[in-house]
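In the two complexes that follow, chain A is the common piece, with chain B as its partner first and chain C second.
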Partner chain A sequence: MPSAALLGQSLLAGIFAGALYGLLGLGLTLSWGMLRQINLAHFALVFLGGYLTYQLAAAGFDPLATLALIAPAFFILGVALHALLARFKVGILNTLLVTYGFTVMLESLLQWIWSADYRRMDSHYGAVKWKVGELFVSLPELITLAIACATALAMWAVLRYTDLGKALRAIAEDAPMAAAFGVNHKLLSLLLSGLCAALAAVAGTCLALTYTLAPSQMYAWIGVVFAVVMIGGLGNPLGPLVAGLAIGVSEALTMAITAPAWAPLVSFSLLIGALLVRPQRF
Partner chain B sequence: MKPVAAFVLVGAALAVAPFLGLPAFYESFLYLVFSWVVLATSWNLLSGYAGYFSFGHAAFFGAGVYATAVLGGKLGWSLLATLPLAAGVPALLGVTLGAVIFRVRALRGELFAVLTLAVTFVVSTIVLNTPIDGGPGVMLSAVSIPKLAPSPSGTFYLMALILALISVYISYRVYHSRFGTGLFAIHDDEEVAEVMGVPTYRFKLGAFALSCALAGLAGGIHGVFVSYVTVAETFGHWLALYVILMAAIGGTRHWLGPALGAALVTTLLYAFTASEHALGGRAVVGLVLILVILFLPQGLLGRFSRRAAFPRKELIPPDASIAVANKERLLVIRGASKAFKGVQALAGVDLEVRRGEILGLVGPNGSGKSTLINVVSGHYPLDGGSIVFEGREIAGEAPHRIASGGIARTYQIPRPFAHLSVLENVALPPMFGRVAMDRGRAESEAWRWLEFTNLSGKAGRLPAELNLHERKFLELARALASRPKLLFLDEVLSGMTPSEMDEAIRLVRAIREQGATIVFVEHVMRAVMELTDRVVVLTNGRTIAEGVPREVMRNPQVIDAYLGAAHA
Partner chain C sequence: MWLDEVNRKGGLLGRKVEWVLKDDQSRPDVARTLYEQLITVDKVDLINGPYATANILSAMGVAQRYSKLLLHNSFGTPRLAKYDMQFPTSGGSGDPENVWPNLVFSTVAAAPRPPKTVAIVTSKFPSLHFISLGAREAAKKRGLTEVLFLEYEFGNREFGPIASRIKDAKPDFVFVGATGLDAVMMLEAMKKIDYQPPMHFYMFPAPGPTAKVPEARGALAFTTFEEHPPFTSNPRAAEFVKAFHERAKQAGLPDTAVDLHASIAYSTWQTLEAAVNGAKSLDDKAIAQWLRSNSVDTVMGRLRWETTAEGPVNYVMGQDLYKVKQVQDGKWVVVWPKEFAGAKVQ
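The block that comes next holds the complex of A and B.
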């Protein structure tokens, strides 16, 4: 059995990893649950965002400030993606295929520009670390956790309390009926898709802050993040964060107790377990 | 020419190649083509036909690779001896995964797609971290292969050719069979397929097992072909992408589509990898996938993927048992209850249906009529109570079992299988109903009911080309074709013009004369009065009145239920 300090550190690492899972899952759960699109390209966008942050940081920008540039640009990408999918009336499973195509294209692009090597962003945030008792906490991880909580809560509040949120939920429930009641569902869907892509940009910046980047790594995130999205409940903005923290912690404990290599099995097992215990929930 | 003969002939012609003394390069290239034909065709059995997109084909291929790697590379078995397990291990893996996912009711397709995305990663993690591989890869160069041709590359060519022919032949047979029809029906509307008697769960598992086994066989052979296997190479996500692309390009609803796509894409990829543009090649693959889905969603063979109708055979004489209304109780429902999140849709319904009668089931909207049909047909499980049909308890049975017991239904809003022709739609229930005919006989049977409902002129059309009342009649024809003992008609008259209604009423009478007992759910009181022998009134999930139509309709409780208490 590992020591208490190691377990505590693992727990903390799990919470931080889980926050990033939640952040990646937020855009996915909204587009899947509310727009009926399974956007595999979300992962490629996150990595594109990560690389752009990396590049701009190398040019002297503050990593967080780069979002002011990247997020609006991604918003437009998201709008364009939805416009394409809506124009061709692509069914939900086919959105998975189309965005798979985009994922592969973006991966090739990333590899062409930044090569297949691992890249690590240098930033002044990275150097900041604190020692709390016997545990170490780094600033980039805290930033990620804070952003993940803030975006999830903000999305939840918007959907819950604003007219915009009500309209979006009405669209998710029954788009033609919402349209009949005067909701401009085409415009709002474009908006939401743009927002999801902007969330990918945010996740990308956080990814660059805390992880090393390589184009092929995007596939490593797919399984766990989809598990987070599904366990959290489709379309529920708080779901990915809660499920992400749970999975992150379970993975970290698995790593501490067995071997790091077994971590990828945790999310899958949890999802299969959820399916077996409560199939009616899905 | 018989299809088997055609396959053997094509195979024999292609089998000559290794004996012509061609450079080994051609044999190896064609080996790759055949290998991809196997993978794409096997993927299509479940994912194309039944519409459950799998992103995990690499996992099943890889399971086959490593079954052979362990048995052949580590334990010294010959290639042929390893193949049964190279097929068996992936099939078992697929069935286990399917057994979990296919039980989920909603989101099955999406859940399946996403879970299969993860499964490749999971299987590769297990292989990498256990003695199966452990990290360094496995050498297979010492595995003995059968000597089918003068050179090893010729032998691999022949093995892949045989496997490709088997895969395409299986694809062809499934496509034309009862099994395939069931899979196509699952693709279009799984719930309706189940209610029409298709054992959907078993069919999906069967197709998945077959698909995984073939992928595993290709993997087993491929492991020895490349002679050194690693986890990274074997479980790359490219395999799933290529396979999906191949099937999509060729056409997922045609038995030959994936094979055609495999040949095209393999050649295209070769052209790229042979040049300096491997990276660009991948991007092009991604782009082609997008363009195909957007602009050619049916694939190259899409326009040829309508199955030819069978020649009409001699009609089978109808059941001699023309029933007369009698006192025998065909269906007895006692205390049936069903709640949805606190809404008590059925609150202890008692109902009897007597053989040969037309029973009217009426009640205001929301009174539980449709829920009642749904619990009898097995679509919803019952919370409490019992349903006995012909002396047998059917509550809790799978819908397809109930259907083959002789209960059929129509849907208020018609739910035809969108990609099957009108004839195929009507021929489906006889294939899975209580008679279980083969496709040819079922189509002959279908013609009879198309004539009965005046739809024979539209037999070759797709349901989308019919107007509403024709679609309602299609619902009827489909329910009749299963030759039900008990038929639930759910508001067949709604949305019809008065003259169409007269036609429908004549039809319902004719159905009873064929020997079926009918439960007639309807709001059109004229038709209820005209047609039914007995009426049961349902309100708030309870039966409140029962008896001869004229008397029941004068019952003050019934008037209350329909018009509100103030009226009485």
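The block that comes next holds the complex of A and C.
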């Protein structure tokens, strides 16, 4: 029978992993649910953000402070991406193909600049951890959890309570009708796409804080993050966080109690279950 | 490196060697296509194997179809190699599931505090998994108690729960069927929960990144070559080390040490050179015949090939050129067998 310490530590590991899934899924769910773009390049942008954080940290910058440079740059990238997709009126399924192409290109770029060798960011955050009873909590993972919760809540609050948020929700529901009511859907779509890319930068920084980077690793996240986004509900900013936590905890407890090899079964079983029970959400 | 050296000496059989290099992206389907291309479009005289079991299997199928000799150096499941013109040049035996775990357990038996209990954790990557299952058998035969056996999917990102389970099991020795980054991720996960295994082994870790991690102190792994005597007592090996350092530095590689992968790759080229010169021919069948009847001295030792009734084709059974190395003071050093050791096992 697993010990209480093992179960507790695994629960924590699941929460932290789930928070990162949620953060990775936030930009994707907004672009998919509100802009009708399945942006596979989101993962490549996350890794690009991670690598840039790594590089700037190696030059002496605080990893979190690098977001002041990286996030605005990514915002511009996101705007440019949406401008391109809108200019050629790329339909939702074709956005998957086009952004897959960008993913491959970005992966090659990462490999060209940083090589296929593994890169691990050394930061002062990594050295900090606390012992709470029998459990260990490390600072980088706590930072990721805090950022994931803060960004998800902030996006939810913006979409729910601000005029900008209402306009974005109106565009997502019916863009031409929103335009008829004076909403500049083209400009707001560009802004939202820029924001999604900036969120990818944030996710990349958190990824670099806690994981070792290698270009090919980006594909390892696609499956679980797609599951998180779909279970959480497209366009719902809190959805990926909640679904991510559920999946992260389920995977971690599965690894703790049964066989670690069964962990991937968890996320996809939950997805299949959600699709069967509430298919209308997708 | 080998290309420059051999062409400086006039090439092979008086002809300069041109190396046609293609990127299989570590994908077996791409490897298959590229080997077809090399043989039918580029019309190369000879082919050399790709990296890792799955890709080598793909290339082997193509080589067999066109009756081409195939030298390879990273094939983890010898019993799958049915083609009689494939020759391993990594120095491994035909029964690594027996030889390698026993090598590891002999190493830890020589430690100041030999283990009594073992946790075996393995990736489900085919060759690693296969060797790890052999480790279970070897541990049982040696009277070690297995306190934990775990398998995880290749590509697993989350090692937290696995580290917690290892810590909970309190093994004297952790045997990890890991490759590449897995070792680093496992060590980081163990560090987060303040756990340092008394003794630990990682099958084929990324050597440079692993040695740099402070938590890797005492970690064991396989090797065929390290930069210390007696390996570097061989003048050819010493020259190879010097040249490798220069080229690696020029290429901007983060780690410039010669170890397992560099030595097995170079040995492949040395084998090709010896076999072509020995057979005095570029004919694949003639070269294969020469290899079956001769041995080749490489930087990591003498390679030879034999086929027995119980073993796979062209593999020596029961022994090989592999050693066990350990991270000591941030560097890898061979600790077993004793005649190759640069330090005692800690």
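Just so we're on the same page, the second predicted complex is superposed on the first by the 280 of 282 C-alpha atoms of A that agree within 3 Å, B and C clash if a C-alpha of one lies under 4 Å from a C-alpha of the other, contacts with A are read in each partner's own complex, and residues count from 1 in each chain.
In this section, a residue touches a chain if its C-beta (ideal position, glycine included) is under 8 Å from a C-beta of that chain, and two chains touch if they have at least 3 such contacts.
On a predicted model such as this, the values are computed, not experimentally measured, just so you know.
With the two structures aligned on chain A, chain B clashes with chain C.
Touch criterion met: A:Q9 reaches chain C, while chain B stays clear of it. Contacts of A:F268 after superposition on the shared chain: chain B is touched, whereas chain C is not.
In the superposed model, A:K129 makes contact with chain C only, not with chain B.
In the superposition on chain A, contact of A:G165 is made with neither chain B nor chain C.
When the two complexes are overlaid on their common chain A, residue A:D117 makes contact with chain C while staying clear of chain B. Applying the stated contact rule after C-alpha superposition, one finds that A:G101 touches chain B and leaves chain C untouched. Once the two complexes are overlaid on the shared chain, A:G233 sits clear of chain B and of chain C alike. Stretch 55-63 of chain C is the one among 1-9, 55-63, 181-189 or 235-243 that clashes with chain B after the shared chain A is superposed.
When the two complexes are superposed on chain A, the residues of chain A that touch both chain B and chain C are 220, 259, 261, 264.
Chain B contributes residues 51, 53, 100-101, 103-107, 109-111, 113-115, 117-119, 121-122, 125-126, 128-129, 237, 241, 244, 248, 279-280, 282-283, 285-290, 293-294, 297 to its touches with chain A in the complex. Chain C meets chain A in the complex at residues 26, 124, 150-153, 155-158, 160-162, 164-165, 167-168, 180-181, 184-185, 188, 192-194, 206, 208-209, 253-254. Across the complex, chain A meets chain B through its residues 32, 38, 84, 88, 90, 92-94, 96-98, 100-105, 107-109, 111-112, 219-220, 222-223, 226-227, 230, 234, 259, 261-262, 264-265, 267-268, 271-272, 275-276, 279-280, 282. Chain contact summary for the complex, chain A toward chain C: residues 2-3, 5-6, 9-10, 12-14, 16-17, 117-118, 120, 129, 131, 136, 138, 141, 211-212, 214, 216-217, 220-221, 251-253, 255-256, 259-261, 263-264.
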